[in-house]
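Labels A, B, C, D and E are assigned to the chains in the order they are written; within every chain, residues are numbered from 1.
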Amino acid sequence: MARFLKSREESNGKSPGSLIFIGDQKVDSTKIRLIDYDSASLTEKEIKDIHAAAHLKTTPTVTWLNISGLHDIEMIQNIGKIFQLHPLVMEDLLNTGQRPKLEEFEDYIFIVLKMVRFDNETETIFNEQLSLVLGKNFLLTFQEQPREIFKPVRERIKKSTSRFRKTGTDYLAYALIDTVVDNYIFSIETLGEKIEDLEDDILNDPDSDVMEKINSFKREINYMRKSIRPAKDAIYRISRLDSELIQEQTLPFLKDLEDLTSQATEAIETYRDLLTDQLNIYNSVIANKMNDIMKVLTIFAAIFIPLTFIAGIYGTNFEYLPELKYKYSYFIFWAVMISVAGALIVYFKRKNWF
Amino acid sequence: MARFLKSREESNGKSPGSLIFIGDQKVDSTKIRLIDYDSASLTEKEIKDIHAAAHLKTTPTVTWLNISGLHDIEMIQNIGKIFQLHPLVMEDLLNTGQRPKLEEFEDYIFIVLKMVRFDNETETIFNEQLSLVLGKNFLLTFQEQPREIFKPVRERIKKSTSRFRKTGTDYLAYALIDTVVDNYIFSIETLGEKIEDLEDDILNDPDSDVMEKINSFKREINYMRKSIRPAKDAIYRISRLDSELIQEQTLPFLKDLEDLTSQATEAIETYRDLLTDQLNIYNSVIANKMNDIMKVLTIFAAIFIPLTFIAGIYGTNFEYLPELKYKYSYFIFWAVMISVAGALIVYFKRKNWF
Amino acid sequence: MARFLKSREESNGKSPGSLIFIGDQKVDSTKIRLIDYDSASLTEKEIKDIHAAAHLKTTPTVTWLNISGLHDIEMIQNIGKIFQLHPLVMEDLLNTGQRPKLEEFEDYIFIVLKMVRFDNETETIFNEQLSLVLGKNFLLTFQEQPREIFKPVRERIKKSTSRFRKTGTDYLAYALIDTVVDNYIFSIETLGEKIEDLEDDILNDPDSDVMEKINSFKREINYMRKSIRPAKDAIYRISRLDSELIQEQTLPFLKDLEDLTSQATEAIETYRDLLTDQLNIYNSVIANKMNDIMKVLTIFAAIFIPLTFIAGIYGTNFEYLPELKYKYSYFIFWAVMISVAGALIVYFKRKNWF
Amino acid sequence: MARFLKSREESNGKSPGSLIFIGDQKVDSTKIRLIDYDSASLTEKEIKDIHAAAHLKTTPTVTWLNISGLHDIEMIQNIGKIFQLHPLVMEDLLNTGQRPKLEEFEDYIFIVLKMVRFDNETETIFNEQLSLVLGKNFLLTFQEQPREIFKPVRERIKKSTSRFRKTGTDYLAYALIDTVVDNYIFSIETLGEKIEDLEDDILNDPDSDVMEKINSFKREINYMRKSIRPAKDAIYRISRLDSELIQEQTLPFLKDLEDLTSQATEAIETYRDLLTDQLNIYNSVIANKMNDIMKVLTIFAAIFIPLTFIAGIYGTNFEYLPELKYKYSYFIFWAVMISVAGALIVYFKRKNWF
Amino acid sequence: MARFLKSREESNGKSPGSLIFIGDQKVDSTKIRLIDYDSASLTEKEIKDIHAAAHLKTTPTVTWLNISGLHDIEMIQNIGKIFQLHPLVMEDLLNTGQRPKLEEFEDYIFIVLKMVRFDNETETIFNEQLSLVLGKNFLLTFQEQPREIFKPVRERIKKSTSRFRKTGTDYLAYALIDTVVDNYIFSIETLGEKIEDLEDDILNDPDSDVMEKINSFKREINYMRKSIRPAKDAIYRISRLDSELIQEQTLPFLKDLEDLTSQATEAIETYRDLLTDQLNIYNSVIANKMNDIMKVLTIFAAIFIPLTFIAGIYGTNFEYLPELKYKYSYFIFWAVMISVAGALIVYFKRKNWF
């Protein structure tokens, strides 16, 4: 499967809104974690049946349902019915090749993001889809598999003094997206450090491994960019929605998110440029090394080929070759050869070849 | 004929709106398939004479006329008369080199798109023109030849419970365009996979075939881009038309189309960049190989040329050449040569040449 | 004279609006062709003195005056007086290095375009300036020399049933510009075909002629771009003018022109990119060939230089050189050499060098 | 730590607004310098406890508090409380990896900038964060360490005739930012001079040091750009704020700042392009040198290898080798060799190889 | 001093508006030339003391004061006082590193431009600052040194029938800027011609001089661009100012200026692209030449090294070397060598190497 585009091949020709899971199934069973809180009380539990949470939809408490695992189409369908989601939202929830975006519906806001993870061992970027449905009193989040990324948020919610307990679902959604964006920055920084470290290798030990690294880092940074650039647009639009779902006191936090994603995308562009520069420098280094190699070859060849020729002359078997008889010939022969070699060495020195 | 631009040479100097078929005739005879439906009833048949469908223009049922084969100018002219199409629309219908676009007229919307097909064997992109004329109660579609691409849509229409039976021509038009766009994504993914697979060949077996592939994939992706980029603009404009022909309930579907075409064009740009990067890496690999070749040459030459020279000295026939008489000369000669060779080997090792 | 910029050097420091012909005089004498028509009647003739047409300025018939040859400043001055043209318009008419543009004045619209011609023999683009002054009942066109490019338009005007006879000067202006734009597309296609054909040569026979062609095609396409890109802007603005001179029924035709020029400029960008890609591929092909050459050299050198050295050893004249006396030495000598050569051949085969 | 992006790793998962110092602690203790003035009076002193300045917040005098050293979180917290700063502002103050930006709050404007310093010895750019909080009667500035950069401003304030004494905090803020921007320009100029000086080295002495310099200057200019480009946006927005905090008479000064930052960013782009051009030229110079080296090698090899071969022929020991006996053979042999050498020299001369 | 950025180092930390001349003093003494005219009368003279012209500020005649030489700060200060210029305008007047710009003040418009001059001998661009202060009845122009560039304008003013005498200061300002822009176009054309001429040298005689020229022309065109691009923005804004100082009848002339600067900047971009293309072609030519050199080397080496080896074999002194005794050995030896050489020549011919 092409990494930079997941086709909807299976859904091809099907009715839009038909529910098909597109992606790799990463967990055995779908899990639903429910957190329901207001300033006074808090409930946290795992539930099996989504209907158990249906009544919370309309209560004034903040209800956060986190669904991990997306292959259980029936359950997703039930969620869709209970929360009255548009068929296209349902389809997007299940398509893990979805492009990050924000869509506003009458009663809720639908946000698709990518969570990004840099695997230090394989030096590869993995991404996973996170969808958020932000309603008046509820927030649904959909992950491909359970991850501990949101644990700190859960911990903070539990503290009765935390800002969460005084604010609504919009602040919760912000906090989750903030965690995702922090992860972007952390991943870019980790990869960026490796990219910046390449420089020494390029100048000092430019073997083909370095080149392969430049290449693979470029691919990974491009892959990251594909997830983060549209996310920036989506986040930018959140605070500009004229929606009742976003309270005014949350706006400065959303503005801060914008700054962070701007920083992330700028850093991505900077590293892309850096990698391009590095490949150029690598090529220059290789060209320089080639020149050095050729200088060595040329110096050896240019000095010894003429000398060998001179020796060859006096290796001929002509009967009348006067110099051969002369007693000091051999010493003159050496003198000539040393002079020739010396002259050539001076010549190459003058050309600054060594 | 230049692949990236079909000129209107034949129509050159002719009156605008004069009807000339521009393109390759791909079928023998033009076929008209008529589907006429509302929530209660459905008719599907092939008709010979377009006048047989003329009365359906004003009935409240959804009337879909699919014309495949564009060389029958008379029939096209009849269609134009019955549905009162502007002369320029008629001209565009027949010009298969038309650029994708959307045009709004008083009573209908005219859309030109390219259907794209990636031929796996020749690894070439083919495109065919699809024109849509969307009226209040009718939808005309014009293809260069009959293709089964819209069969799933027809099947879905036949189900009396499908969304089609409850909606109008705008939803039908959406469904057809959606099929076309799905095809874009599928074609890009197929080509993209091949492009991503190139990488290994570039690093491990960078022969000139690889380079030719990079080149030909770049050409194909550019060819695809030429069809899809203007399509994106056209699709973007559909949902922003303030037209009675587009019902509000269709808007989220059109928005979804926009997302898909954005994804398609982004993927195209990504693959274009990737191919550029690949050619750069290919060149670096070639330069590296050149360095390796030159090192081999230089090592051989630098070691054996001096040795040959030394041998040459003692191959001279000077009468007074003292060393030749000395009993251990030959062994000293070998010792000297081994030392010289050894010194050079150490020198090259230190330079990290092997 | 720099091809990409014609300076107004001669007019330097002169009063703006001072009339100086800038360009190469391409004809001996200026010709004025007059066509005057309405739905009922038509007159076509050549006139010597522009005053003969002065009275037609205000008649309700469409009056088209085509002036070919721009060096006759006095005549141009007379035209300016009769049709009350702004001094800057007069200056622009005479400056054949003018950039395509559109300017709206109170009573007329002034349009400057370039006609483009690709000469197949020299593979060079030539351009010529076409200026239009579109008034209520008259259209003035100024060419550098008489060309048959507008003949089809004249023919169509003569047919009493043609659209021309029912419409005004704006449609006539459209028809002429349409002819010019058709020519752009035709020229780009002709050059484009040649560019696309280069590809085979690059891969199979990459001599320096190919490189020169890439270079010269790039220059020509740039030259074409210089004429067409500003023309696109000018054409775009025509249909957006809120002018009484443009009738509503002409708007769809102008919209069509916009599409054509968009197609032209897109094709130009595509071909520019293609040529850049081609030069890159060309360089890769050259680098590949270099590698092949160096492999041949290295294989020959690496095999025969050591062998020559071995032969050299037994060509030395040491008195005590035991191997020389031994009867089978010569055969062992051959065996050693064949082994060395064989080992090296195996080594290079393993490196995939041949 | 990646130089182009400082992650908030430590704050990861923490509540937004939690105060953590991110960066290198550059001083032992935080210092607060207070300057309080109006047209009549002026006080300047260092204070230990921020509460000593709390009452000045509301007095009509201009109160400038410069805090250098950011690791003392408690003190920052106190400042935040006294001046009622938003938690996110507090967080940003402490994060030295913050991107330059401007944010408007109800009672104050928050500006983050980078001060840039080019170290001539290491030829490296250092940057330090400067945050400004501009209120009605107070200006807070936060630096990572005390620097003498603002000393001239302090001197000017002390002169009772200076413009400062007649204007408000906005002019003071302008003056400080102006100092920062002057520093940008000075740093770019210093680096730019070095870049422009590289050119001679590239053409005359293109060793690998030059290439490393091109590379490192590119990195530094990119690093500078990262600080200055967003600063430009922030500065642009200051004069467009519809805020009571900015007086109309300060606007021309802010406009002037815009011009300066435009100049700075343009110069950065120019130098980036210049460095790219320089690397290209460097590569061409290297390729040229390679050609020269290869010409030397080829000339030596092509002349002496054939000659050595001829000598080799007459070094063979065939019993029946007629030429050997002939008395003038040796001289003919020389003649032949000189002719061959001469012919080759003429050949290479004609090819313009030397 | 960096050529692409003049820092305000000296003014660093000084109060904004403090008057310091930044640049090279190019003349000994400052000269003031006064031209004062209306339709009836005209005065032209040089004045020493600016106060002699102070009364003309308010008279309805057009008063043009041209100040050449900017180092006389006192005089500039006097001018500033008389014409009530803003301190920042005063500062900009004296800073010859100012970026071209337009600023509108209540009573006057301040315009900074660069005059550009291409020195044919050194093939270098020089620029000089021209500042204009356009008031209701006066125009101040500031040059770094007296130049004859505005002489034609002065001549035209003297003709009592000229347009100048019927118009105001705005037309005079236009005429001066027009002269400056004409100079841009002329300089670009002169340099452009040289650039276009390079092409032949690149293809036929690509020595390193050509490369240096490409490089230096690129630098010069970039330098020119730095002056002209912001000038374009400034000129664009003049005609869009809603200022009483610009009369409506002057607008078409300003529009014409816009066209000219557009043409200038487009030509600059075209030549920049051309130079980039030329360097690419140059590199391809060099690579081609390298291939040719290597072919010569390889052909010589591949033919003669094996032959030398064969000769070497029969130069060995083995006692039992049967071929040596055989009578026709020598002739067979020749036959073998000619065959080997012939086979190799055929091989290389087939590879199209010569």
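Everything below uses one rule, namely that a contact is a pair of C-beta atoms (placed from the backbone, for glycine too) under 8 Å apart; a residue touches a chain by one contact, two chains touch by 3 or more.
Just so we're clear, the structure is a prediction, and the values are computed from it rather than from any experiment.
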item	value
Rotation angle (°) superposing Cα atoms of chain C on chain D, nearest 5	145
Same or different contact residues where chain C meets its copy chain B, judged by the half mark	different
Inter-chain centre distance, chain A versus chain C - centres from mean C-alpha coordinates, in Å	42
Separation of chain C from chain E, taking each centre as the mean of its C-alpha atoms, in whole Å	26
Residues of chain A whose C-beta touches two or more other chains	283, 287, 290, 294, 297, 301, 305, 308, 312, 315-317, 321
Topology of the chain contact graph, where touching chains are joined (line, ring, star, complete, other)	ring
Chain ring listed from chain B, with chain C in second place	B, C, E, D, A
Contacting residues of chain A [partner chain B, same complex]	1-9, 11-17, 86, 88, 99, 101, 103, 208, 211-212, 214-215, 218-219, 222, 226, 230, 279, 282-283, 286-287, 289-290, 293-294, 296-297, 300-301, 304-305, 307-308, 311-312, 314-317, 321, 323-325, 327-330, 333
Complex contacts: residues of chain C adjacent to chain B	151-153, 156, 162-163, 174-175, 178-179, 182-183, 185-186, 188-190, 192-193, 195-196, 199, 203, 252-253, 255-256, 259, 262-264, 266-267, 270-271, 273-274, 277, 280-281, 283-285, 287-288, 290-291, 294-295, 297-298, 301-302, 305-306, 308-309, 312-313, 315-322, 353
